[in-house]
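What follows is a set of notes on a single structure, which appears directly below.
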Amino acid sequence: MFSVFRDLIRYNIEFAIGLILVGAVVIFACLSYFAPVDPTLIYVAMPDQPPSGQYWFGTNSRGQDLFWQLSAAFRNSLIFGITVAVLSRIISITVGLLSGYVGGWVDRVLMFINDIFVAVPIFPILVLFYFVLRNNMDSFTLALIMACFGWPFDARLIRSVALGLKHREFTRHAVFAGMSTPKILLEEHLPYVMPIVFSTFMANMLWSIGLEVTLAVLGFTNLNNPTIGTVLYWAISHSAIVVGVWWWIVIPVVLIVMTFLGLFLLAVSMNEYIDPRSRLRRMGA
Amino acid sequence: MTQDILTVDGLKAYYQMNYFGVEREVRAVDGITMTVRKNEIYGIAGESSSGKTSFIKVLAAAIRPPMRVVDGSAKFNFKNGPIDVTTATPQQIESIRWRHLSYIMQGSMSTLNPVRRIGKTFEDFAKRPLAASGTPYRERVLGHLERLKLPADVLNAYPHELSGGMRQRVTIGLATVCHPEFVIADEPTTALDVVVQKEVLGLIREIQQDMGSSVVFVTHDMSVHANMTDRVGIIYAGRLVEEGPTRQMFFAPKHPYTAHLVASLPRIGDTTQRPALEGRPPSLANPPAGCRFHPRCPLAIDKCKTEVPPLIPVANDHRSACWRWQDVGPLVKPHQANRVMA
Amino acid sequence: MQGYFWFVGKRLLQLFAVIFCGISATFLITHLSPIDPVEQVLGRLSARSNLSPEAIASTRAALTEMYGTGQPILNQYFNFWTRLLRGDLGPSLLAFPTPSMELVTRAMPWTLGLLVTSTVFTFVIGNLLGALAGYNPDNRFFKAFGLIAMGVQPIPYYIVAFILLIIFGFLFPVLPISGGFAMDVRPAMNWQFILSILQHSLLPALSLVLVGFGGWFLGMRALVSNVVNEDYVTYAGLAGVKKQTIVGGYVIRNALVPQLTALAMALGGVFSGTVITEQVFNYPGIGSLLIDGVNYGDYSLVLAVSTVSITAVALAIFIVDLLHPLLDPRVRAE
Amino acid sequence: MSTLLEVKEVSKQFTMGGMLSRKIVRAVEGASLSLSVEKPEIFTIIGESGSGKTTLARMILGLELPSSGEISFRGKTVSHKVGRAERLEFMANVQPVFQNPFEAFNPLKRIDRYLESTATRFLKLRQRDDIDAAMDGALQKVGLSLAEVRGRYPHEMSGGQLQRAAIARALIPNPPLLVADEPVSMVDASLRMSIVNLLKSLRDDLKVSVIYITHDLATAYYISNRLIIMQRGRIVEMGDARTVLDNPEHPYSRLLKASVLSTEDAGDGKLATDPGMVALAGELVSKPGRLVDRPDGRLVRVYG
């Protein structure tokens, strides 16, 4: 595992860049644990100060130090993304492996449900939830709902791998070695889908954070909780660009692009590492 | 006096790979010298990862990285002039493809475009080299299909609608419709059932005789070689270890590996114990010194461990690369054993 | 042909099931909430205008009858479907008393026009360039293209739209950044109007294209770099088949099959994208309607937009699925 | 004589396609055979692709249920739809060997993991030493040892060694019956005979019965006691291996034998098949016919 990691960093430029970008953002987000100010308070600093030695990222019109504000926002958004990714991974692994291995009517029922989740557009549903729950919609509820919509595509991917594994001879050997179905799924098949799980984990984080940003910018989340989206929401509602407080918009956007690009590069490079055919191609180049 | 159509001289083709920091050089073809004559079927036998597939890739001018020809040459002597496929330009190779040099690939399921009708594939493959269109082209193709005992309506079918035997006959049809001078056949019958296999083999042989072309026939199955080929070459760990007329190879092999391959074939009507060869073929990335077969060879002596035996003539038209070729005798005498049983 | 008929039948069944389940879900979400739509509507209404107590009482009666609140949930569910099948989800609060369905049908052409053109354009161009990039992996131009696509692809819709807005609205104000057409143009079938529509749709469409393009480009590039290693492509190469034929008939044709499936799966996401784009550029489509509905607490409008969008996406997926067997003869045989 | 395995009038049909476009494929029709406890033998099922030989093997292993008829092992019906304890008991007695040795073990896991699981499950062993002894014992039977196998991954071993290890795993519970589905068709020529010879010695030395499924008449002749020849789901000929293969009676059996590439006339290029033979064998596919006894002990399907 470690050597794979080392080789990836050394020989895959995309992975290295992705790791540096994500690493920088994660460290920045972790700084929020040492924040001298509570990021939910407003008017604790001089408003509208440009970046300086005292305020590295400047302050916003609500009198918040943007450095600590953004640090907390990125922490919350990353945690949110990870929560959605973990939850939806659990669903997709369970559904994918079961559906592929057990087959028959279990497979048909699960795939039917899967088809419905694929076809229902998530955005109106999320808006509907916000519409109904309003201020009861905290970020964990949102994560739960998104996790419910974030699994179908990946479950299909895992299922197609599991389907292949089911007919591999070692699976039948495992059956005749007296292993139980859960043991076969967890110990024989899960290692094969782990690479997919990792790469879709990143992609899923991208998707959920992006969706959260969108909802927040439209004002459809709890706006007092600092996240990437709510920072932008306040910046836009204070017409930051028009007023000339450009750093309020530019700095978060740069950080977001860094995060997304980093996560995407990690997902892509891992995907490439998994896919032996594109691996061979690289070898030939 | 027959004339050679292919002359391979000291051919070396290596895979040079560098993947995530692991550098490897696999010497898949390591100094092969041989010739193929006009109007003959030359069989190439070898186990998996013996280098036989890499060898015919070179012959088919399908050399792509990470494989590289390191040394030697492979010259064809076609009607439109000689050509060395290891040094020819892409344009030169383009000019011999299908009209002079064609190829039957293994795995009939994957060699045909799944979303294209057979007729369209025939057009893609044959229209340009045949330099014909309209009625003459159609008649040529239909006539050829009839020759292959294929109904004309396969042209309207998609590959998945045909049985394995039909598909293989279609690929043979594709490879031979332009009457090429040289055909490379890579395990064309391995996946087929015995009855169909024999039919398809017979068909390839018939067409080869009709066209008067040469065929290099690759398979690991010695009993196919016995019935199909005029001469056989045995490849072991990237080298040609023995070569000779098929009959001689089966009844008087002069290399212990060949002798073993022949002896281990079971036969109907014979239940005498068949020997098995233990051990595994060497890794081509790190082959043993000297004769590459020595770790598994029952006849090995110290010399075999250090000195590479040259491929030398041992009988009429028969070459072997073994220091002790004179001590190699057939392990089982087929006819004799048969008579005992009967 | 008969095979195709059965295929369509099976997909049709699936279409109905998806629509049914999706719409039932919207019903459940809205009806399991503690909010009483009737009281909400009345609250909003009385806050805005000075209605007499009698008027409020009669409106309440009418609304209760319509929403069916107070009845057992099964009855409500049944009423909901009967009303929906009649195309009546009650008046919109936003533009009281215009029926919300009418608002939706009015906004629909804008969204559809924007979506269909940008999706088709993105799909075609993205796949074509992706295929060429996959077939010529060492071409510098395509390599650069790949880098750009990689850079843009992961950025959320909102940010892309927002950056475009800043560039074209503030830095180089050359394109209209808001609305469906210019204020001083009268809606009519003339060039001025059509030109205005096209002008206004350029930025929203561009944002959708920018975001969608990368995905198709990168996906197709990866697929093609796999397909070129398939035996049938190698074999055609060994046979000296013309390069254009190999690229078009062998590589792209085969790589397009999974891309079509991907298109069906991506449609839901594409719809979500337009909602945001419309909001950013103030475009008079269904997305803007949805957001206005939520901000206004317009219960029936939100419900109408949700049901219509679920049906529309399911239908679009259905149509894409129907193309599948035409591209892949193996599906036809199934 | 008590029966070990009894296959009685077994048929299997598969429904292809969805619920709207049904197509019924008869994979196996009315197959019967039985093996006795006292006389271990290698019983061969010969057939080409689509003959139903693999389906029959899957039914014997209880992976598939017959559509009609019954398969019983020591008097108990074979099925996967039984309690886990009963299924495990069956698996302790009947073990499989499959086609591809490189696929026999999960490439990501160590080989001994499967041997160990088999030993703990079926022999109910708990002590480390007992487990090791059981594993080593089984490996010795196939010419390997625990020291050679322990801690190694599949890619570190040759195809022949892997197939031996797979057979060793199957031998751990001391099963009286092995079902070997094309065990040598993916093994290199130089190693093939070592596996075939091993199966032979399992029968002769360890008294294990083997159901050997193959398309290769030559190895079937070499090792089997009795055999059946299957054509499109039907048994067309059954009997002593030598009797049947030396002198096949059913047209299809004769066609198969005639299609075997012999090395006797190596170099002569004899590849002609009598088209009449192919046509005759093909015609019989559509006719049910019935199996009749012959004086030499074989069963042959006759028509009309």
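By written order: A, B, C and D. Residues from 1 in each chain.
The working rule: a residue touches a chain if its C-beta (ideal position, glycine included) is under 8 Å from a C-beta of that chain, and two chains touch if they have at least 3 such contacts.
Computed from a predicted model, the values in this text were never measured in an experiment.
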Lowest number of touching-chain links that must be crossed from chain A to chain C: 1
Chain occupying the middle, per Cα centroid: A
Intercentroid distance (Cα basis), chain D paired with chain A, Å: 50
Whole-Å gap between the CA centroids of chain B and chain C: 56
Chain centre separation (chain B, chain D; CA means) in Å: 32
Centre-to-centre distance between chain B and chain A (centres being mean Cα positions), rounded to whole Å: 52
For chain A, residues contacting two or more additional chains: 285
Parts of chain C lying in touch with chain B, wherever the complex brings them together: 230-232, 234-242, 245, 249-250, 253-254, 257, 327-330, 333
For the chain D and chain B complex, residues of the former touching the latter: 48-49, 158-161, 188-194, 196-197, 215, 217-219, 221-222, 242, 245-246, 255-257, 259-273, 278
Touching residues (chain side chain B, partner chain D) in the complex: 47-48, 164, 193-195, 197-199, 201-202, 205, 220-230, 245-251, 257, 260-262, 264-271, 273-281, 296, 334-335, 338
Interface residues, chain A side, partner chain C - complex: 112, 115-116, 118-125, 127-134, 153, 206, 209-211, 213-214, 217-220, 232, 241, 249, 253, 256-257, 260-261, 263-265, 268, 275, 277-278, 280-281, 285
In the complex with chain A, residue positions of chain D that touch it: 61, 63, 84, 88, 91, 95-96, 98-100, 103-109, 114-115, 117-118, 120-122, 166, 169-170
